[in-house]
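Shared between the two complexes below is chain A, which has chain B as its partner in the first and chain C in the second.
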Partner chain A sequence: MDEEYDAIVLGTGLKECIISGMLSVSGKKVLHVDRNKYYGGESASICPLEELFTKFGANAPDESYGRGRDWNVDLIPKFLMANGSLVKLLIHTGVTRYLEFKSVEGSYVFKGGKIAKVPVDQKEALASDLMGMFEKRRFRNFLTYVQDFMQDDPKTWKDFDPTTQNMTALYEKFGLDKNTQDFTGHALALYRDDDYLNRPALDTITRIKLYSDSLAKYGKSPYLYPMYGLGELPQGFARLSAIYGGTYMLDKPIDEIVLGEGGRAVGVRSGNEIAKCKQIYCDPTYVPDRVRKKGKVIRCICLLDHPISNTKDALSTQIIIPQKQVGRNSDIYVSLVSHTHQVAAKGWFIGMVSTTVETDNPENEIKPGLDLLGPVRQKFVSVSDYYEPIDDGLQSQIFISQSYDATSHFESTCLDVLDIFKRGTGEEFDFSKIKRDLDLEEQ
Partner chain B sequence: MAMVKVPEQKVILCGEYGVGKSSIFRRFTNNTFVTATDRKSTLGLDNFDKIYRIGDRNIKLQLWDTGGMERVASITSSYYKFSEAAILVFSLDNPSSFHTLSQHLLDIVTYAETAKIFLCGNKTDLVTEPPQISDAEIESFCEQCHSLITNTYRISCKTNEGIEEMFTDIAYQLVNSNRARLELQSMEKHGFKITQSTEELSDDSCLC
Partner chain C sequence: MEHTEPHSTEPEMANRQGAAQRPNGAQGKICQFKLVLLGESAVGKSSLVLRFVKGQFHEYQESTIGAAFLTQTVCLDDTTVKFEIWDTAGQERYHSLAPMYYRGAQAAIVVYDITNQDTFGRAKTWVKELQRQASPTIVIALAGNKQDLANKRMVEYEEAQTYAEENGLLFMETSAKTALNVNDIFLAIAKKLPKYDQNQGQSGQGQGRRLAEGDQGAKTPGNCCK
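And now, the complex of A and B:
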């Protein structure tokens, strides 16, 4: 440990692992440390099942749960959008070669007390029971407009300026009713509140296009999920970093960040060892005095021995409960993965309900989501604070990532990472660089 | 972006640092040997494919190196996933690399349950008389492992002794044991890799 590095990265969560990989690839000498003895921090998938039960202080699982080792349970639920930025990052870094994916089978939205499949193309829209006959026509016209829309070709804008006119105006142009607006905004454009209605329509159009482009890639839904769970993602980036020379240390408590002149970080201390460095990259848990609380998120992991009703027994699904449907300010997300992804024993399913906390009784807030799951064999609830850094790190050279909030998804993950990289190195990450190197290596 | 089924047989190298895993990898990829043993010599080694012809069948071995993670930390469990075979390497001149094999073996059976395991003693050129690790010791280790070990090899990366033979035999063992499995493998059980379609390759390298 007693050596000098260009950068020390603390924590092996997804963001830190991506950053570590990008720094190593850019030729920096990196030391990557975690206080835990496993990779992934909060983005780890817990295995075996016994460990999950222990973590939440529950009695050990009985034999009906099958082999504990067949389980890999994510602590933070997410899917990847097939055409989204995390997938692009995976492709550009070559990390995709370490992973295998399955498409998520269905995407549903909650409306009027029950769930309905999110219609994604004109054919599905016409068959959907989310809308009446005339509304279907209008929605179809709207989808056609979005699909034909090209940002650099104003002819396709059809007398509407999406850079100045807001989304409400676009909905009005097509005469879409409130219900249709609701699932379009929340289940297709994936907004978590209604602020987007008053902003220029361009962002929403882009998101809906992303949704349908992603869908076009693999069929059943626009979402992908990695075999063996999300914990494979940070590990893939950690391998990238190691391949390019990054040094890994686990199970290493960090006692202090050593500061030098002007409050600049010059190293980290663990016991009486000190590793010197020019910069530090870390998650909020390593620097409690340099972050502030931004909000709270509740997540509930549910172990089920059956699929979710009305999803055609899908082995994986996402259900979005738009805020308005249940009188809230933020959406509730329900996701389901199962034995088919090697994250649960045969015949088992893992449901996850999550949302941003709005009241003093968060467990009550997720009830609409839990109700959709049906009988739950075992439930683990966690409420966690999420944090953001108090400054940009330029002065201290300590660059801190934001916590994974309920509202956090892989898009914000990638944006945060790219932004941190840029602040830390003063340059944009050069994606073309790695791709070329890896190509060479493959010859 | 097509769904690509992965026909390669992933073969991973396991064992203490310094036993010669990267050297085996280098022999496999471009049949070279380097004596330097600094961290740098392992840089950039990831995985490499090579096709072996066994009887009337082709099989593609895809060899993976650890990336040197085992130096201080443990190897990620991901490394083991989807592997069909693991080469458990020790150094014939280094008894401690032999005595710690059981830990590596445990990792393999934990994270790559179905992988076939091959034991490989490297650096035959450094074996003295009497040998630092006796044949009896190696045999008794294999017995203790309840025949988890499919075969044992002695090689030298320096002299190139036994290396081609080892890989050919591994290919042969995999073809035989997998004959049925290879044919049955379906998208059902496996996921797919994300690959880049040609049209996207031409697209710029911007993330937005």
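And now, the complex of A and C:
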């Protein structure tokens, strides 16, 4: 450990592993350390099942749960958008070679006490029971507009300026009612609240296009999920970093960040060893005095021995409960994965309900989501603080990621990573740096 | 006749269940297997792979080979066995190999250096680790590498052979430098692996799909990850 590195990365959560990979690929000498003896930190998938029960202080699972080793339970539920930034990062970096994915079977939205399939194309819009007949036509026209929309071709904007006019104005242009606005903004554009209505429409249009482009990729839903759980993602990026020379140490407690002149980080100390470096990249848990609380997220892991009702027995699904449907300010997300993803023993399902905490009784807040799941065999609830760094890290050269938010996908994760990389290195990540070496294996 | 084919492999397939061409054009079974290398640093893991895949040997091989994994095919009668070979990328050094490394591995070569008794002791630990972490049906081969340095031998052939027999491992002494037994050990593994035809839609992996750029659910030849 007593060496000098360009960068030391602390924590092996997904964000830190992506950053580590990007730094190594860019030719930096990287030391990547985790205090835990496993990869993934908060983004690990817990295996075996016994460990999950222990973690939450529950009695050991009985034999009906099958082999504990067959379980890989995520602590933070998310899906990948098939055409989203994380998939692009995976493909460009070649990390996709270490992973296998399955399409999530269904995407649903909650309306008037029950769930309905999210309509995404003209055909589905016309068949959907979310809207009346005339509304269906208006929604179809809106979808056509979004699909034909091209940001660099103002002709496709059709007398509407999405860079200045807000989303409410666009909804009004097509005469969409509040209900349709609700599932469009929350189940297609995937906003957690209604702030987007007053912002320029361009971002919403882009998000809806991402949803439909993602859907076009693999079919049934716009979402992908990796075999063996989300914990495979940080491991894949860690391997990328290692292949480009990154050094890995697990089970290594960090006792101190060593500061030099002007409060700049110059190394980290573990016991009597000091590793020197020019920069540090880490998650909030390694620097509690350099982050502030921004809010709380509640996540509830539910082990089920049945699929969710009214989803055609889907082995994986996502259900979005838009805030207004249940009188809230932020949406509730319900996700389901199962034995088909090698994350549960045969016949078992893992449901997750999560949302941003708004009251003093967060468990009560997720009740609408839990009700959709039906009988739950075992429930584990966690309420986590959500942290963000107090500064941009330029002075201290300590670049800190934000905690994982309540969003149902990885788009904000990637934005944070790309932003940290840019702050840390002063440049955008150059994807072309990877190609040459990837060609090697195909000689 | 059995022989290894040092030809280049086709571009990575977008979907594991795609069809591949046999070198001689005949229609036979094609099986793909994930093979992982284990062993202490500097016992010659990467050198064995480079010898097998490219027929090369470098006296001062760098400690990582800078590739996600290498592929090489072996032909056995009517079956083409394609190995997807994973190197540790140095993650073994501080015992930081990820579970992903073992995931879905159908074969493993545990390497030690015959001139270094410690590496043989560590090899036994790796075998235990495989028995704990990997699939119960994994085929494990033990390779006593650096056989060209037999005059500095510290691990007796018989000792390793006995250990291998007791634990149901294939065993050979190899030399990446002289190529001794390098092809043979991969071939012996290929023979021992269960062959089912990939075209029948079976695979030892998790039955998911890999992603590739421009992937529309169909294979896009030569357009992967570029």
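To be clear about the criterion, the second predicted complex is superposed on the first by the 437 of 443 C-alpha atoms of A that agree within 3 Å, B and C clash if a C-alpha of one lies under 4 Å from a C-alpha of the other, contacts with A are read in each partner's own complex, and residues count from 1 in each chain.
The rule is short, and it goes like this: a contact is a pair of C-beta atoms (placed from the backbone, for glycine too) under 8 Å apart; a residue touches a chain by one contact, two chains touch by 3 or more.
The structure displayed is predicted, hence computed values, not measured ones.
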### Query
Are chain B and chain C a fit on chain A, or do they clash, once the structures share the same frame?
clash
### Task
Could you tell me if A:C414 is touching chain B, chain C, both of them or neither one (first, second, both, neither)?
first
### Task
Classify the contacts of A:L89 with the two partner chains as first (chain B alone), second (chain C alone), both, or neither.
first
### Query
Between chain B (first) and chain C (second), which, if any, makes contact with A:A238: first, second, both or neither?
both
## Note on the structure
Intersected contact list for chain A, partners chain B and chain C 39, 47, 87, 90-92, 96-102, 217-218, 224, 226-228, 232, 235-236, 238-239, 242-245, 247-250, 341, 435, 437-438, 441
### Task
Can you check the complex and tell me which residues of chain B touch chain A?
1, 3, 6, 39-40, 43-47, 66-69, 71-74, 76-79, 81-82, 110, 190-196, 205-208
### Message
For a test of understanding, state which residues of chain A touch chain B in their complex under the given definition.
### Response
37, 39, 47, 69, 82, 85, 87-92, 96-102, 217-218, 224, 226-228, 232, 235-236, 238-239, 242-245, 247-250, 341, 414, 418, 430-432, 435, 437-438, 441
### Task
Name, in rising order, each residue of chain A that touches chain C in their complex.
38-39, 47, 87, 90-92, 94, 96-102, 216-219, 224, 226-228, 232, 235-236, 238-240, 242-245, 247-252, 341-342, 435, 437-438, 440-443
### chain A partner contacts - residues on chain C that touch it in the complex
8-9, 11-12, 16, 54, 64, 66-71, 89-91, 93-96, 98-101, 103, 205-213, 215-217, 225-226
